[in-house]
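Consider the two complexes below, in which chain A is the common component and chain B and chain C are the respective partners.
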Partner chain A sequence: MSFLSGFFGTLSLYFSRPFVIYAFVVGILISLCSSLLGVTLVLKRFSFIGDGLSHVAFGAMAIASVLKLTNDMPLILLITIITAILLLKTGQNTKIKGDAAVAMISVGALAIGYLLLNIFGNSSNLSGDVCSTLFGSTSILTLTSLDLIICVTLSVLMILFFVFFYNKIFAVTFDENFITATGTNANLYNLLIAIVIAIIIVLAMNLVGSLLISALVIFPALSAMRIFKSFLSVTVCSAVFSVICTALGLVISIIGGTPVGSTIVAVMIIGFIISYFAGLITGGKKA
Partner chain B sequence: MKKIISLLAVITLLFCLSACGKSDDTVYEGDGTNNTATVDLTTLSSTMVYSEVSQMMTHPETYEGKTIVMNGVCSLYYNTEDQEKTYYACVIKDATACCSQGLEFVLKDGQKYPELDTEIKVKGVFSSYNEDGQTYYHISDAELL
Partner chain C sequence: MALLTCEKLCLGYDNNIIVKDLSFSVNDGDYLCIVGENGSGKSTLMRTVLGLQNPISGDIIFGEGLKKNQIGYLPQQTQVQRDFPASVWEIVLSGCIGQMGFAPFYTSKQKKTADEAIKKMGIEHLKNRCYRELSGGQQQRVLLSRALCATENMLLLDEPVTGLDPKVTADMYELIDKLNKEYNITIIMISHDIDAAVKYASHILHIGKKVFFGTKAEYLKSHESGFFGIREDGENI
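Moving on, here comes the complex of A and B:
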């Protein structure tokens, strides 16, 4: 009993800090957005695109750092969106096929980003900056109110996009030929999905770092698929799973003093294992 | 259905943005003493300590005049212009151990500075000072605990 009161006492002490509240608001919204689009990405066999785009975002951040931009978000968003469009829209029709293109861009952007920071970087703590970007470090806990406004606005736009275009996203996910045959512009929706994914990746870099972003996209979707089978139920379960794991990971991280990003991913791995066995027991529900 | 979800999203947006109102003028209090002006970093987890010190660097005005208690490693820094000038700092690392933040401290008169790279616990007042036309922040009137 005293342990519980101590735990909640510490938690309420930490929540008296605005930056902790910012972290929770942003963390939950980002995890919600990434899980919604994660289902589509996993089903379209683009699970690894989050990893590739996050490395591109890292490269873009390095360029912004070299150019000494005070607000690097617009440049990072622009470069990541262009790359996402190139990968998702033209990836199927080029000589270098989808997975190879993602892998090539992923390692290429990572290497160029680090090289640029090393040669032209003006930071006195290069390894710290790189580590912070790759693993998230505590950046989610050092957000300003402007960061919060940007993240919340973009996240709500993402959610509205998903709600309003749910039927189209569903159709594009499963059968692009069918949606094209019905007169709908499938390329336009692929383009919109690419833009939304790029924005989510850039936002999520603050939460878990660029090396761990894929976890936010893949684990909720795959865990939900162990238990449910329909697109809607998988999407809803994925969102709930993602939000719970992120909130739990953040709490463990700030109470236990563990790295935020890797703690959230560790919680998601445990969640996936639980979902796997839950799926074995229930046999996977159709609805 | 879509209208309801849109309404919920807008409410979420307004609710989240209302968190901004609390921002930088909030008084942070440690729980280590009854003194409300004390920020006791020794009671916080390493993740929270790093974030709190980061806040001190980005919003120093919020902490000015408060008593700070912190654990860390004693480090020495030299002035880039005048190598004779040295500054002692209490340095803490984040949970991933790749980033570090430090706060300069100036001990009360007559106190001996600790050995470099040793673990220290410092208590003093967070205050500003001017040097070469720039404003810096440090822990003044500090004592080693």
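Moving on, here comes the complex of A and C:
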């Protein structure tokens, strides 16, 4: 009993600090946004795009810092959005297949970015910077109120976008050819999805690191698909799964002093295993 | 004026011409079967008619007020769809997407259309089931219902019986025939199955080394006269 009261005592102590509240709000909003679109990405066979795009964003960040831009956000967003459009648009019918293209661009951008930073960089702690970009080590706990406002605004816009275009997103994901053949502009919606994904990833990479963003895209969708059978229920479950795991991971990492991104991913792995067995028991997914 | 007229079409990918100088027309109520060997350009023709790819040259003209968003399409199944988590109802309803424009949600009229399409296909009992758990024949009926949501006039079917067992195949053909005769929906169907084509179709388009377009009677006549040289090279159409 004394252990429990000690636990909640520590927790309420942490929650009296604004940076912890910021971390929770931002973490939950980002996990919500990315899990909603994650379902579409996983079903379109683009699970890896979160990883690829965040590496592209890292490369763009390196370019921005070499050019000594004071505000690097517009450049990073622009480059990432263009890459996302190219990857999603040409995914099916190009000579280099979607997954290979993502892998190539991902590794290429990472290497070039690190190279540029090494040659032109003037940071005293290069490997520390790179590590925090990739693993988001502590950045989520050092957010300013401006970060919070930007994140909340963009997240609300993303969620509205998703609700407003839900039916179109479903149709584009299930059968692009059919909706093009019956007179809907599938390319337009593919374009919109690509832009939204790029924005979410850039936003999330700055706040939580690229490791976490890939996990936020893949794990909730895959876990939900083990158990649920309709697109709506998979989407809702994936959002709920993502928010719960993120909140739990944040609490554990704050109490235990573990790295935030890795802790959340670890919680998601456990969540996935639970969903997998739950799916086997309820017969949700045949082998 | 015909519902669909194709004039001097040249089809293919990347300047690689597959079909040259193809002309045919489809009238209201017709049942056209497109036959030919693998790689002869049947699917390419259908994709071009649907606007999924551009013809290299030639014209495709829609008549009698038929609009682009009034054509139903039954594509071949993709790998993505086989394990897609979606209910039958969600998939059928997505057939109405062409009539939605920029509206975010389906209207009650569109939901009614979807309900009727499900009834026409006799799959009311599957409405809330998961698509990936259905049998091949049931899945085809779901996709056919979706196509019906998109059209009252014209259906394009890309090998609708691929992978189905003989009994289900026969049912599927009867169902398509019913749509043509009872609901007066114009059918354009790609088929490997020459016997079924001859049994149900009113017109036949054969593409390949030699091109034939005409009514079923004309086709049978040219068939007997050895127009395609089937007996000589042993090819099975």
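As a working rule, the second predicted complex is superposed on the first by the 279 of 287 C-alpha atoms of A that agree within 3 Å, B and C clash if a C-alpha of one lies under 4 Å from a C-alpha of the other, contacts with A are read in each partner's own complex, and residues count from 1 in each chain.
Here, contacts are C-beta pairs under 8 Å (C-beta built on N, C-alpha and C of every residue); 3 or more make two chains touch, one makes a residue touch a chain.
Everything quoted here is computed from the prediction, not taken from an experiment.
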Requested in this report: Have a look at where A:Thr142 lands relative to chain B and chain C in the superposition and call it first, second, both or neither.
Outcome: first
Query raised in the report: After lining up the shared chain so the two structures overlap, which partner does A:Phe164 touch, if you call chain B first and chain C second: first, second, both or neither?
Result: both
**Report entry** First, second, both or neither for A:Thr180, with chain B first and chain C second
**Finding:** second
Report task. State whether A:Pro18 touches chain B only (first), chain C only (second), both chains, or neither. Result -> first
Query raised in the report: Of the two partner chains, chain B (first) and chain C (second), which one does A:Phe231 touch, if any: first, second, both, or neither?
Result: second
Requested in this report: See if chain A has more residues touched by chain B or by chain C, and give me that chain.
Outcome: B
Requested in this report: Could you give the residue numbers on chain A that contact chain B in one complex and chain C in the other?
Outcome: 163-164
Query raised in the report: Where on chain A is chain B touching in the complex?
Result: 9, 13-14, 16-22, 25, 29, 125, 127-128, 131-132, 135, 137-138, 141-142, 144-145, 148-149, 152-153, 156, 159-160, 163-164, 253-260, 262
Requested in this report: Over in the complex, which chain B residues touch chain A? Could you list them?
Outcome: 2, 5-6, 9-10, 12-13, 16-17, 19-20, 22-24, 26, 28-29, 31, 44-52, 54-55, 58, 94-96, 98-100
Requested in this report: State the interface residues of chain C toward chain A in the complex, per the touch definition above.
Outcome: 47, 50-52, 67-73, 75, 78, 80-81, 84-87, 90-91, 93-95, 97-98, 100, 104-106, 129-130, 132-133, 146-147, 150-151, 156
Query raised in the report: Which part of chain A faces chain C closely enough to touch in the complex?
Result: 43-45, 163-168, 170-171, 174-175, 177-184, 225, 228-232, 234, 286
